[in-house]
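For reference, chains read A, B, C and D in written order, and residue numbers begin at 1 within each chain.
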Amino acid sequence: MCRWLAYSGTPLLLDTILYKPAHSLIDQSLHSKLGVETTNGDGFGVGWYPQEGVGTPALLRDVGPAWNNRNLREIADHVRSPLFFAHIRASTGSPVQQTNCHPFRHGRWMWMHNGAITDFHLIRRELALLVDPELYSDIEGTTDSEVMFYLAITFGLDQDPPGAVARMVGAVERIGHDHGVEFPLQMTIAVTDGERVWSFRYSSQGTSRSLFYSTRVDTLRELHPDLAFLREVSDDSRLIVSEPLGDLPGAWNEVPESSYGVVQAGADEMYPFVPEPA
Amino acid sequence: MCRWLAYSGTPLLLDTILYKPAHSLIDQSLHSKLGVETTNGDGFGVGWYPQEGVGTPALLRDVGPAWNNRNLREIADHVRSPLFFAHIRASTGSPVQQTNCHPFRHGRWMWMHNGAITDFHLIRRELALLVDPELYSDIEGTTDSEVMFYLAITFGLDQDPPGAVARMVGAVERIGHDHGVEFPLQMTIAVTDGERVWSFRYSSQGTSRSLFYSTRVDTLRELHPDLAFLREVSDDSRLIVSEPLGDLPGAWNEVPESSYGVVQAGADEMYPFVPEPA
Amino acid sequence: MCRWLAYSGTPLLLDTILYKPAHSLIDQSLHSKLGVETTNGDGFGVGWYPQEGVGTPALLRDVGPAWNNRNLREIADHVRSPLFFAHIRASTGSPVQQTNCHPFRHGRWMWMHNGAITDFHLIRRELALLVDPELYSDIEGTTDSEVMFYLAITFGLDQDPPGAVARMVGAVERIGHDHGVEFPLQMTIAVTDGERVWSFRYSSQGTSRSLFYSTRVDTLRELHPDLAFLREVSDDSRLIVSEPLGDLPGAWNEVPESSYGVVQAGADEMYPFVPEPA
Amino acid sequence: MCRWLAYSGTPLLLDTILYKPAHSLIDQSLHSKLGVETTNGDGFGVGWYPQEGVGTPALLRDVGPAWNNRNLREIADHVRSPLFFAHIRASTGSPVQQTNCHPFRHGRWMWMHNGAITDFHLIRRELALLVDPELYSDIEGTTDSEVMFYLAITFGLDQDPPGAVARMVGAVERIGHDHGVEFPLQMTIAVTDGERVWSFRYSSQGTSRSLFYSTRVDTLRELHPDLAFLREVSDDSRLIVSEPLGDLPGAWNEVPESSYGVVQAGADEMYPFVPEPA
């Protein structure tokens, strides 16, 4: 399994979120508290949209652990971004290679995943056949996560992200059930087009991996008027994380089972998530 | 494109073949003379059968250039083998990752390739669908070469290597032609089960990459009675190489276009190679 | 800090020791029980003497974690050796690079270390100046461990390993104390010339990292007559390990504080270890 | 040997300089025309000052070839900078590791080098002893280039870059001559504090590696009024390169033997370079 975080809001040095917090993602790479594995050392990735405006995000991905990677440290110390994803990987079997590191990118879209398709090797072929044939050759790695991304693109991610993810999940569950898999899918997912961030928490069994979102900054500021950091970020700055980055009272809220949220200009939203047939 | 060599015969330190010759494979990684690219620095691999008897071969593969890899140098200096493959890669587009490095292995079989399937991205999906569904999930990388290997396995490599390769080529050419590709395939291939080595030279256009085999050692010994090295290896020791490792007169013979050879106990053999429908 | 093991005895597939045991070194790379750090993912190394007789040992070292390294898995599955070292690293600050991975080699000698020189950056220069000037340029990495090795060579490792190590420790403590460091050194060390293995447990404070040696095989065989594995290895096969590889009753004995042992043909020996002025 | 480039001027996407030109640095990594080696595949580095103002530069360095590195491609496509260095390495013997990749950084300073200290292993120790003892432990790699950087810092780089480099060269030549080396040094060097760039061309024998600087943009614009690119960059934008990035008439000027130049706000300058005793 893995750990990830998504940030959207006031442009920040990546370091502020990736390294500074007490239980930062880098700390989680060595000592995850809520993950299935305590160590997430099988590669990492960070993807960010440059400050100058939306376009394709930049990716830095590598196969070693995040905790000792110098290039990640450099990027974190020198790059500011209003929207970035970061992911640390604990492989569930597929090779440790750059093309298996999250986030994945397609045009202006980024995608990352924690969880697994149960018995993926049994249904990898059938899932790959569902991917739009025009896109098949764009699949570069061998993870379930990337196939899920390409299925979501096939099912209309560009027009309707929640619907596309619902149909992706529907397809995975149908094919898994066809092969006698009782609980085919386990996932938390983040996906963005550079403007909005959608995050999903779902599992076939109803026991999904942990997922949290940060409290609105204006509310946090009232709770903690002494925290200088909160005065530097806008009210709608938001973090979505596999596990809380610290223990600030009131800062973290669990995403309910079978839900998805949208972080966007204006009010953020949360909805129930229900797979759709596909 | 790439460069490769296959050795079968008296157990030798890998160093004897990989580094010692004037125009060794390591030298070719920097300065190939006959290759499409002069530099072959996009990963390498060596696969060897241990001396103690046939079993699965060991693989050492990595993503950097062969010329500066210390682990390869260590293995070459300390491991003896009666049958080994070595390959240096110049990527034609697919990612530089361990799972894209040759040789590929399946059970006791090893496979390596120089060349390319033309417009592979156009037909990758159709070719993958021809692979035995039981084997689909074993494909770990994204090269044309590995798909060709799995097609050959699907088409009976275990029972009839030349026939399986002929059917693989037939399938690639048929599907390529279906997509309007005039010359779908370019290849030199080596494949072994640990006892025999089959090597193939073929291209749809009839202008195949170079391939050479060494003269029988007893003949070479008569030509060069002063060469100590020749007294240490058995008469039937044999090298098959993308390009000659030196310029010893009489040592190297070109494999004819559209041919394949078998290196085996007893007399080696050479035959014409003709693709078969599949 | 780090974890290591040294094996001497009946030639074994490296896999038998590196991967097979319940709490193998590979398991310790993710979940060390007795180490300062639970994760040892900052590079690894294995060094082995080929079966064919003593010479220089072969090294396989790499910068990623041991637990997901495919080349290590391949070597372990295919190489037999009568004497090998393995080491997993948790960096205490120096870069994660191949030249900082243990074991280190000089001629036929191998050396590996767990522990640290306190405030090494303060005394690195003075220690380096003590190294035989002829050897200074052979230092390839930046660890305290490698400088300790070169000091031991300077102080006569080739003639008198325990004396050379005692003088190395004496020098480190003297220079550390000169710089106001109360407890300059913490170490467990293994060193071999390919025939004998010396192992040391010592720290300036008298609270050394853990070190264990396996019980003689003939004694173990009496304790556990049902264990097939014990019938396949000679009486004098011996393991020295940072932490036990399992919980077989009677199998593991702690090396006492300030001691060193010698594993050799004939009876193994254990002595007190006392630093010497140098 | 190596190849490098330094850019100062209108903030540009790194891609504009690193990949776009016909004979870009990336192309030189495979096919250098003027270098000692045609292939420069033993690691690379890029260092850039963020647009938001001078501070420490960011470094991206890795051990594989530049031509197939995806993270470099990502940074080049997404990062703009008014001052950046890029370097591709062909090792002359020291290990291929991140800490041996240029540029090197110390505070706000960056340094890169093409060339070599002759018989460096003979005088490495003496040179290292000349480095300010406070700085000795900051040396992370094992190249001559990094020792030259630390000598220049020791000799006053912060106050007087040309003088510090002249004294560094004087020291290297003196110690080399003491060891019977006829021509101790070969170098082109670029060094910057984030505001000015100094570049040096010198060798003890008077046969220095090639070095070129670009013609002032206003002059180039008159020569080539049709080139859109030239309208987008300021008059004082400047490139210094190991070899020209293309064959635009009038664009490239060779730096004379034994010279150094300063790229700065206002008029750039060129002076003779003479080693000083140290």
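Just so we're on the same page, a contact is a pair of C-beta atoms (placed from the backbone, for glycine too) under 8 Å apart; a residue touches a chain by one contact, two chains touch by 3 or more.
Quick caveat: nothing in here was measured; it's all calculated off a predicted structure.
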When contact pairs are matched by residue number, over half of those of B-D recur among A-C, A-D or C-D in A-C
With contacts defined as at the top, give the pair, A-C or B-C, that has more of them. B-C
Rounded to the nearest Å, the gap between Cα centres of chain B and chain C is 39
Chain D residues counted as touching two or more neighbouring chains: 70, 95, 98
Which of the residues in chain B end up touching chain C in this complex? 50, 52, 56-62, 70-71, 74-75, 77-80, 98
Using the touch rule from the top, collect the residues of chain A that touch chain B in their complex. 95, 97-99, 120-122, 124-125, 128-129, 133, 136-137, 139-142
List of chain A residues in touch with chain C within their complex: 30-31, 38-39, 41-42, 63-65, 67-68, 70, 91, 95-96
